[in-house]
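In what follows, subunit A forms one complex with subunit B and a second complex with subunit C.
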Partner chain A sequence: MFLEVDHLAVSFATRRGKVAAVRDVRFSLAKGETLGIVGESGSGKSVSAYAIMQILDRGGQLESGRIQFDGMELNRYTNREMRDIRGREISMVFQNPRAALNPIRKVGHQIEDVLRRHARTSASGAKSAAIEAMRAVHINQPEKRYHSYPFELSGGMSQRIVIALALACDPRLLIADEPTTGLDVTTQKVVMDLIAELTRSRGMSSILITHDLGLAARYCDRIVVMKSGEVVETGTPDGLFHAPANAYTKRLIRATPRGGIGIGDLVDPPRQAPQRPAIGAPLLQVRDLRKTFGKGVNTVTAVDAVSFDIHAGESLGLVGESGCGKSTTSSMIMRLADPTSGEILLDGRSLTDTPASRFARDPRRTSLQMVFQDALASLNPRFTARQSIADPIRRLTRENADGRTEELAGQVGLPVELLDRFPHQLSGGQNARVGIARALASRPRLLILDEPTAALDVSIQAIVLNLLADLRADLGITYLFVSHDLHVVRLLCDRILVMKKGRIVEEGDAQRVMSNPTHEYTRTLLDAVPSLPNLKI
Partner chain B sequence: MGQRTRLVLSRMLQALPALAGVVIVSFALTRMLPGDPAVYFAGPAATEQSIAQIRVAMGLDLSLPMQFLHYARDLLMGDLGNSLSTGQPVLEELARRLPASLELTLTALLLSCAIALPLGVTAAVHQGSWIDHACRALVTAGVSLPTFFTGIALIYVFYYLLGWAPAPLGRLDFVYLSPPDVTGFYVVDALMAGDFETAGGAMRQLILPASTLALFTLAPIARMARAAMLEALSSDYIRTAKAAGLSQRKIVYFYAFQNAMLPVITTLGMVFSFTLGANVLVEKVFSWPGIGSYAVEALVVSDYAAVQGFVLAMAILFVALNLVIDIVYTLVDPRTRSTT
Partner chain C sequence: MADRQSVAPPIAPARTRRLLGHAVYVIGDNPITAIAFALFALIIGVAVFGPLLIPFDPLETNASRALMPPSLDNWFGTDNLGRDLFSRVIIATRLDLMISVAAVALAFVVGAAMGSAAGYWGGWIDIVTGRLIDTIMAFPLFVLAMGIVAALGNTVENIIYATAIINLPFYARVARAEVRIRRDSGFVQAARLSGNSDLRILALHIFPNTLPPMMVQISLNMGWAILNAAGLSFIGLGVRPPTPEWGIMVAEGANFVVSGEWWLAFFPGLALMITVFAFNLLGDGLRDIVDPRQRT
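After this line comes the complex of A and B, so read on.
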């Protein structure tokens, strides 16, 4: 075998003593093969890769294990010897490409640094070699881009630079650690296709570390599933997805949103999807909404003539990639920002008459509430869960805060004994529940959900999505669900709006848009999302 | 005009309102000083009449806005008024004393950077090692020992006990003649004149007060260097550099160090500002003829022209310094250059 990892164990020294991060991990990789390592956060998938490269964070230690790479026993190599392997034999691509590049060094120079280090070029030939490496990852005008700093590049472009840097010295193994997390789906496709194309044409082997089963299914020859630092199952995508042997693999596949299933199928055991409430009269009407930023020649139109209705009891999905204006639209509806022109009506009465700066004191503030993307960051770190939920009750209603807080905790499935904990003492899923309870506290009629599950593991996402569906059925709340993920939106929404460059390009019934999109952009989006085959498990 | 030049120019323009503000505030502040300068100036044997005469002569009988206009007019002509206690023009005295303070402060800062930066960087690279602990001990000692104490302690050990240092009596021992005035920095001027003996003498006088100040300024610089370096070393781009097999030297001294320098530059600017104003005690202990001791003496006797001149000079220095820091920052960090 080209790469063979056996009995790998890694531990981290913490204040509370040694903590095992990875135990008895074994996998192998043939020449030219692409191996996927799949798992949720804390599964040890990245740590395993760092252990192979010997770039573990501070306090991390390789406890035991054999790492055989093309006849070399890497686990016996010193750090000095590994430096010649890294970048030349084995390279790595990381998530969050902008942060992965030195912010104050020209990207061309960063590629040169690697080339020079591994003696692939002389000082005089460095520049042309770096430009060549950039051309290899299909960067337009590499001579010009050579002089760019990372902050001047888009996420996708930065990731290409990181890939160029990784592949500059023709390594034989590429490890990609969540290379597309945080990128838009269309960019994700471009980046993944690029990695696949380059590794194939150069005869390289690669390891793709991801939390996304769909991505692994599309790009990998074999998949290793990890959980809590251990390998639970290995197999080909077909075998693994159609007949998973392990209960965790089954649960993971079940929780992944995909075509042909209902929201109740995400959880184990599957359940009946809750009844969708009856659709009533228009609750919120958006009329010809526009928002521009800047002045003169620098004017940017973020939202351009957007009109739509949300009916009472309805769940409307707003889908688009970053920069399409969906967040600007939702913050205008939430009355956190004023539109440049246009109108928003609630129950036929204008909301935009009251400027955003004074809307906090408007009695209709209680009717509109929001659940934010990053549950942890959007909670006050010095408030306990109880304080976070009670705060809007005290400010916006005349209800008894104590009784109501516990009622809300019950509604969102947060155990009452967790109410006195602070955000950092709660898990991601629990914080998401606190965020939802806080938004429900003022008994809103419209809830704006801004990617509420984007930062969660799929198994937690499945539970939160079901919770949202239950709340809607029980309380009859109307949802505006903002997301980049069409599959997630389809599960929760009746109707979908697709936005691109500030405009709505497609609008329609959720099932119809997914199965029979009329706009080309919607089709591009749908094609870009790597999805699991339509499985019934 | 290049983008950088335009940016530097616009930063300089932005400094103008700050300067105008400083002129107004320095004027207002000195008028709030307790005591009547006319009474002081007239001396102990003054009569009501002579005091009133002096008041008119000094323009103190005018309304405040008129006084300000006079002040601003004089200022534009480079006239900061005469010191009440010495009778000398304030501008001249400041011009003589400022280089002394600057020479002391700059030497101290150079010394402190030469120790603090390597120390902070090494402490961060070898986090938790003995050098990290040594760094912490030195930093704690540096901030917790008041400068007048370290100053006196150094004099006691190196002058009184060991006799290595010269007497703490100003910038130059009386056996030397002060070098021709070019920059006002004795060491530099003496070297430029080719007078190595005087340069050595001036340097010997400098060592103790500069060390005292350096010990004090070491703490914030070393602490910032360590913290910034730790942050840089744990960042994603360092991981990328490691994964690409770059050498330890390249990673630590180029990738991490260059990024860590950004907050250190900011800290340096702050440290320089407060040292320049706060080295009064050191100047007193070492009889250093700087502007700090000048200001304190002026303040004690309500010598408002001198105080005003001092405040103004300091403020201009601060503004100029911030400007320099800003410009250095724009040159080092490409992200600050992209203003739309």
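After this line comes the complex of A and C, so read on.
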């Protein structure tokens, strides 16, 4: 075998002694093969890959195990010897391309650095070699881009530079650690297709580390499923997804949103989807909403003549990629920002009459609330869960804060004893529940859900989505669900709006938009999402 | 506020215990921090209990015992008027510490308020405070302090004001930067949606989160403020003889170093050095304690 990892165990020294990060991990990789390592956060998938490269974080230690790479026993190599391996034999593509690039050096020079470190080029030939490497990752006008700084490039372009860096010295193994997390779905497709094409044409082997089963299914020859530092199952995508042997693999597949299933099918055991509330009169009306930033020639139109209605009890999905204006739209509806022109009406009365800066004291503040994208960042690090939930109760209502807080905790399924913990002491799912409880505190009629599950693992996402469906059935709340993921939106929403460059390009019934999109952009979005085949398990 | 406190009690003990446990861990990890905390405790102890510790009256002169080198009776020797140096160094601790604590507290309160407002609202508030701070920073700071004391008059209060003014820009800048990075963060937006006014958001949501870096700044600044107060006294501004104060004592003793009576300047200088050293080390230790990355 080209790469063989056997009995790998890595531990980290922490204050409470050694903590095992991975135990007895074994997998192998043939020449030219693409291996997917799949698992949720904390499953040890990244640590396993870092152990191969010997780039563990401070305190991390290889406890035991054999890492054999093309006849070399890497686990016996010293750091000095590994330096010749890294970049030349094995290289890596990291999750956040912006963080992986030096912000104050031109990208061309950064590629030159790698080439010269491994003596692939002379000082005089470095520039042309770097440009060649950029051309290989399909960067337009590489001579011009050579002089760019990372901040001048988009996320997808930066990731291409990182790939160019990784492939500059023709390594034989490429490790990609969540290479497309944080990128838009269409960019994700471009980047993943590029990695697949380059590794195939150069006969390289690759390891793709991802939390996304769909991505692994589409791009990998074989998949290793990890959980809590151990390998639970290995197999080909077809075998694994159609006949998963392990209970955890089954649960993971079940929780992944895919075509042809309902929201209740995500959880184990499957359940009946909760009732959707009856749809009533228009609750919120958005009329010709426009928002521009900047002045004169530098004017950027973020939201351009957007109009739509949300009816009471309805769930509307607002879908688009980053920069399409969906967040700007939602913050204007939330009255955190003022529109440049246009009107927002609640129950037929204008909301935009009160400027955003004075809306905190408007009695209608209670009616509009929001669940934020990153639950952890949306909670004050110095507030306990109880304080966070009680804050809107004290500010906006006359209810008894303590009693109401515990009632809300019960509604969102947060154990009362966790209420006195701080955000960093709670898990991602628990923080999401705190965020939802806080948003519900003032008994809002419209709740904006701004990618509430984007930062969560799929199994937690499944639970949170079901919680949101339950709350809607119990409280009859109207949702505006903002997301980049059509498959997630479909599960919760009756109607979908697709936004692109500040405009709504498609609007319609959720099932219809998914099965029969009329706008080409919607089709592109749907195609780009790597989804699992329609499975029934 | 009352209902807020009703929530607090069950949390507070656990929180204090956790912080203590964390502090013990950091100190154990880095013995230098332990030394800093020990020195800090010693300095505070000397400042509080100073009058009980001294063997002689620090102001009592005795011409027959002038310029005696350190001995068992006079541990640090005596000065040109026969006063016991040990007693004077001990008594001076309280005054020096008081000046610097008051100055730093004043600088912190005013600077943090200015910086927070500038960071949160931006616009003209930012421009006005920014230019004000630039103006202060444009002067050589010690010369500015000299000028302030010379203009306002030679009193302890004026030394405090002068020291506070020259330290103010540091707090204003740290506060502005720390508030600014949190101004549009998720939890601030959430607080806005919860019906909090701007002032409440700034005071109760953002400002407490900026305290850890400010604490470090305070500790590092303390040493500097002490040095500054002593420096002003050294050149004859501020505290006047015969009040025991380290700066004056060093200034007075400096004349005698040439003729071999080194102890006059040495011991107050040593006290000054140890104090500044302790506060600087404490700053490093505090940074480790408040740094969340150390909390794993």
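Convention: the second predicted complex is superposed on the first by the 537 of 537 C-alpha atoms of A that agree within 3 Å, B and C clash if a C-alpha of one lies under 4 Å from a C-alpha of the other, contacts with A are read in each partner's own complex, and residues count from 1 in each chain.
To be clear about the criterion, contacts are C-beta pairs under 8 Å (C-beta built on N, C-alpha and C of every residue); 3 or more make two chains touch, one makes a residue touch a chain.
Keep in mind that this is a model prediction, so the values were computed, not measured.
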For the three-chain model obtained by superposing on subunit A, do subunit B and subunit C clash or fit? clash
Is A:352 in contact with subunit B, with subunit C, with both, or with neither (first, second, both, neither)? neither
Given the touch rule stated above, what does A:390 touch, subunit B (first), subunit C (second), both, or neither? second
Output check: A:118 vs subunit B and subunit C. Expected answer is one of first, second, both, neither. What do you get? first
Let me test your reading of the model: by the given contact rule, A:361 touches which partner, first (subunit B), second (subunit C), both or neither? second
Who does A:103 touch here: subunit B (first), subunit C (second), both, or neither? first
Which one hits subunit C, of these parts of subunit B: 60-68, 258-266 or 312-320? 312-320
Considering each complex separately, which residues of subunit A are in contact with subunit B in the first and with subunit C in the second? none
Contacting residues of subunit C [partner subunit A, same complex]: 3-4, 6-7, 10-11, 14, 25, 185-187, 189-198, 205, 208-209, 292, 296
Touching residues of subunit A toward subunit B in the complex: what are they? 53, 55, 57-58, 82-88, 91-92, 94, 96, 99-105, 113-114, 117-118, 149, 151-152, 162, 165-166, 298
Contact residues on subunit B for subunit A in the complex? 127, 234-237, 239-248, 250, 255, 258-259, 262, 332-335, 338, 340
Interface residues, subunit A side, partner subunit C - complex: 14-15, 334, 336, 357, 360-361, 365-366, 368-370, 372-374, 377-384, 386-388, 390-392, 394-396, 401-402, 420, 424, 435, 438-439, 441-442
